[in-house]
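A, B and C label the chains in the order they appear, each numbered from 1.
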Amino acid sequence: MDQTDEQVRLLGEDGTLLQHDTYAADLSDAELCDLYRQLVVVRRIDVEGNNLQRQGQLGIWAPCLGQEAAQVGSARALRPDDFVFPSYREHGVMYVRVGMEVLSVLGLFRGATLSGWDPQRLKLGLYSIPIGTQALHAVGYAVGAKWDGAEVCAVAYFGDGATSEGDVSEAFNFAAVHSAPVVFFCQNNQWAISVPLAKQMAGPVYKRAFGFGFPGVQVDGNDVLAVYAVTKAAADRARDGGGPTLIEAITYRLGAHTTTDDPTRYRTADELDIWKAREPIGRYKAFLERAGLWTEELEADVQAEADRVAAEVRSTVESMPDPPLSDLVDHVYADPPATLRAQWRQLEEFEAQFQVEA
Amino acid sequence: MAEREFKLPDLGEGLTEGEVVRWLVAEGDAIVLNQPIVEVETAKAVVEIPAPYAGTVRKLHAAEGDTVDVGAPLISVDTGGGSASDGSAAEAAEPDPDAQLQATLVGPGERQQTRRRRIAGHARSANGPVQTAAPAPPAQRPKATPPVRRYARDRGVDLAALVGTGRDGRITREDVDGALDAAQPAAAAPARAPRERTEERIPVRGTRRQIAAAMTASAFSIPHVTEFLTVDATRLMELRERLRALPAADGLKLTPLAVVAKALCVAVRSYPLMNSSWDEEAGEIVVKGWVNLGIATDTPSGLLVPNIKDADTLGILDLAGELARLTDLARERKAAPADLTGGTITITNVGGFGVETGTPIINRPECAIVATGLIAPRPWVVDGQLAVRRLMTTSVSFDHRIVDGAYAARFLAHLRDLLEDPALLSAF
Amino acid sequence: MAQITMARALNTALRDAMEADDRVVLLGEDVGTLGGVFRITDGLLKDFGEQRVMDTPLAESAIMGVSIGLALRGYRPVCEMQFDGFSYPALDQIISHLAKYRNRSAGSQPMPVVCRIPYGGAIGAVEHHSESPETIYCHTAGLKVVTPSSAADAYSLLRQSIASDDPVIFLEPKRRYWAKQEVELPVETEPIGTARVLREGSDLTLVAYGPMVKVALDAAEAAQEEGVGSLEVIDLRSLVPLDEETLVASAARTGRMVVVHEAPQFLGMGAEVAARVTEAAFFHLEAPVLRCTGLDIPYPPARLEEAHLPGVDRVLWTVQRSLDF
């Protein structure tokens, strides 16, 4: 059900470059190498985040392990003015779009902030944990951008489970009716916590778009070049006034749902092994080798970069100060009610009575 | 050699403990950052924990099969120089490693509340004498609406002592007024021409409120008796003049009160019960081995009583200095809470306002308060002849639970003796 | 000066707001061509076009989610939930995002969205058309909740809500849509967060908002005529922010208070007012703060709604209980 003949691929499992009638990834050699760097760095960020949780530094971590190609390939296809609406696992998308600003998510996972970044500055909606709700935000943004005559598209990221939520269907419908310049990017990683695809839906995700009146395409989510090509086409189409596209990227959640989850309870080691063999970075490296672009030097540079980024992730977390008490009330309203201000004064008075015991 | 202790973190949403399934390293092994070191089984899953720092394993704090509480030590690692490290920048800048890695403070699970200690005295408002202790509540609370309750409380009327005449037996404002009037029955007023009556309502707040509460509590819980004695203060005044002329007294405001203060401290040595406290709960009289001398001070916001700590260790000049300092502070509302609490005996110089004597209310929980009156030339008998002497009436109100009239009288007489012949001050 | 209905006042407010700022856009079901099922948006499509007056698909969650997306794009959306009873699908977007976005973005991203909802009963409607869900919104920190009782306030409070950078749930008492008031528009009344003493009195304060304000005023009039007492009437006008100061001052003067609302008693606005006033004016109260409200039931069928809703008689009955205390 998940893998269809229509699935777009530009790389074989062994890294061979394939031809496709409609899609091609037109990237220079330098860009192709940079893509590798991004894939490796994203994985390192994810691994470091996971480790930090196990070491008690983060309260929780939602890994994107195995989904690097889907995130890096799609994010890479966007323009600076495009606006991204993530779910809560898009650390790879963030890294590609805003570089080291991805460190902003650490506050969320540590419990020091609630997302906390400026959406306008990063062109990135806040992480959205209520499943699928961000799809509607992307549609609203896209409609507004269209009204402004801006050559801009909005991208909503969500998973396979999210497509069962009403908001996602409402978003599809609304976008289609308004021909909104939005790309719906579904990372079908085959699991919604412990619920497998077969219990989640009866037909492939990408075909739903047709029901709502707009195109959908399925792509091999572990093929970073295919993901890039398909996303670029959809984004271009949106910006040109062609309306929405639904992209279903077939990938696999190699890690747990989050660090509080135990996947051994619901999936087999065999299945995991199958998908480990299909993981995207090794496959892309094979492509680079075949293309004569991979070198020891490239590998060393990329690993060094990954080490550097991982160290910065670690040091950011370990040195993160606790938020001040005033964060409780400072940002709730533009113009806070008198009752809230009085509550804060009362709390200050209360807190002043104490000194912390050593 | 930097040894760091890593405690078992909350591995997921409120876990309280984990069982060590398998150690992946041994004591003495060199380890790198993020290297898997142990498998721990929790209520939810078997979890592999990566090393939080690089170094040499010094101690494994639990054996395979042991259950470890979240927050308990798991492994200690020597991270000091030479051991394999991934060059993590974090290694260098660690302000307080164990506090930062205090795993129970991070994580979505239930946190240990940090214990906090209230800063002493901060929570209470600082002015005025010691607060009253609430009396034991009666079996059933008297019925009255909130406005009547406050009306009664502000006038020091105990609702429990009243019978309510309102609906359902509730106490009315009139009932409270009745209780107040009973103290002073109204005289029939002769018919007079009508006049316009205006009244000013002053809200009772702050210091006034506190004084009212303190006086009420003292007056209604301590059996007060007052005794009076007239003192020939002539020599006292002469001493004061001689002291004022001293270079050491330059710039010092040396009042007769300073000498009286000294005399009082000396007198208390011979009559220590005057410097004590009635402890109802313990059934004891607590005699204080030091004198913190309270000085009743009139300030713009009302009566405040700062006390001179360890007054019995000070000479007259120092007492004069302390007197001036504390009363100034009190008048400027800058007296610290510590200055206004902890007194053991009090003087009130009513003579400063031009009256001869008074029946002061004891500064609870002290035993006694001495009032000194106006010092003025008066006719007296000296050696059988009429003479004009400078006289001062002293009085002492005392707690009749602690001492009887005879004891207090002797104390007062002794004080008089010291004041009439100040040379005796060094004899006791 | 003319006699203006609340509906016309709301319509004018929307028009004036859209003329003043071209980032103000309207969305909702049937708001365009039809002009809204209550005609509140009548004529606006013609003058402002389809882009600014959008007939949306039948999808309340989408209406709110799209409004949020539009706000992120810099627009000031005024969306409509057609009826109180149909606003619930949008609750997730309202509670999870609309109320929280500013806080979650450390104050950098405002949500200048107004969500208009006709609410309340007494219109003989079939079920799901007469709800009073205000407590849900009041209890969601980050939202403001505003509710006019008259045409003048409808105009001014709506203009203020649209101008506010905070998200506002704007509750319109549908039973008062056609009530007229002598007023010249545009008009500026007190700011959001201010309650108004509509009628001064000395024996007891009636507190009401939205649809119950008229009932409270009628009850005060009747109380005077019948010699029951001199009742002060306060219109809350906004539930969040709540004007505690005006309420407490009034309670301190009169010593008695009754809160009137259509919403069920349990955890309704009356409970909040009672708690605050009791704490702040304890020693002035001759009786506890009482509440005259709807029952703790789902809204009943039309033929029973009169018994469920507070009317003049039940308000006066509650007033008497307070006076007799």
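Here is the rule we go by: a residue touches a chain if its C-beta (ideal position, glycine included) is under 8 Å from a C-beta of that chain, and two chains touch if they have at least 3 such contacts.
The shown structure was predicted, so the numbers you read here are calculated from the model rather than taken from an experiment.
Colleague: Identify the chain pair with more contacting C-beta pairs: A-B or B-C.
Modeller: A-B
Colleague: When you take the mean of every protein CA atom shown, which chain's own CA mean is nearest to it?
Modeller: Chain nearest the centroid of all protein C-alpha atoms: C.
Colleague: Between subunit A and subunit C, what is the gap in Å from one C-alpha centre to the other?
Modeller: 40
Colleague: Where the centres are mean C-alpha positions, what is the separation of subunit A from subunit B, in Å?
Modeller: 60
Colleague: Roughly how far is subunit B from subunit C, going centre to centre by Cα mean, in whole Å?
Modeller: 51
Colleague: Counting only residues that touch at least two other chains, what does the list for subunit B look like?
Modeller: In subunit B, nothing touches at least two other chains.
Colleague: Considering subunit A alone, which of its residues make contact with at least two other chains?
Modeller: Where subunit A is concerned, no single residue meets two or more other chains.
Colleague: Which residue numbers or ranges of subunit C touch two or more of the other chains?
Modeller: none
Colleague: Please name which positions on subunit B make contact with subunit C in the complex.
Modeller: My answer: residues 145-147, 149-150.
Colleague: Under the definition above, what is the set of subunit B residues touching subunit A in their complex?
Modeller: 6-7, 9-13, 33-34, 44-50, 52, 86-90, 93-94, 100-101, 103, 106-108, 114-119, 122-123
Colleague: Applying the document's contact rule, which stretches of subunit C touch subunit A when the two form their complex?
Modeller: 51, 56-57, 59, 61-62, 64-75, 77, 89, 92-93, 96-97, 100-110, 141-142, 144, 164-166, 193, 240-245
Colleague: Can you check the complex and tell me which residues of subunit A touch subunit C?
Modeller: Per the stated touch rule, the residues are 83, 85, 113-121, 125-126, 128, 130, 133, 135-145, 147-148, 154, 166-167, 170-171, 173-174, 177, 327, 330-335, 337-340.
Colleague: Spell out the part of subunit A that touches subunit B in their complex, as residue ranges.
Modeller: Residue positions touching the partner: 47-48, 51, 54-60, 110-111, 259-262, 264-265, 307, 311-312, 314-315, 318-319, 352-357.
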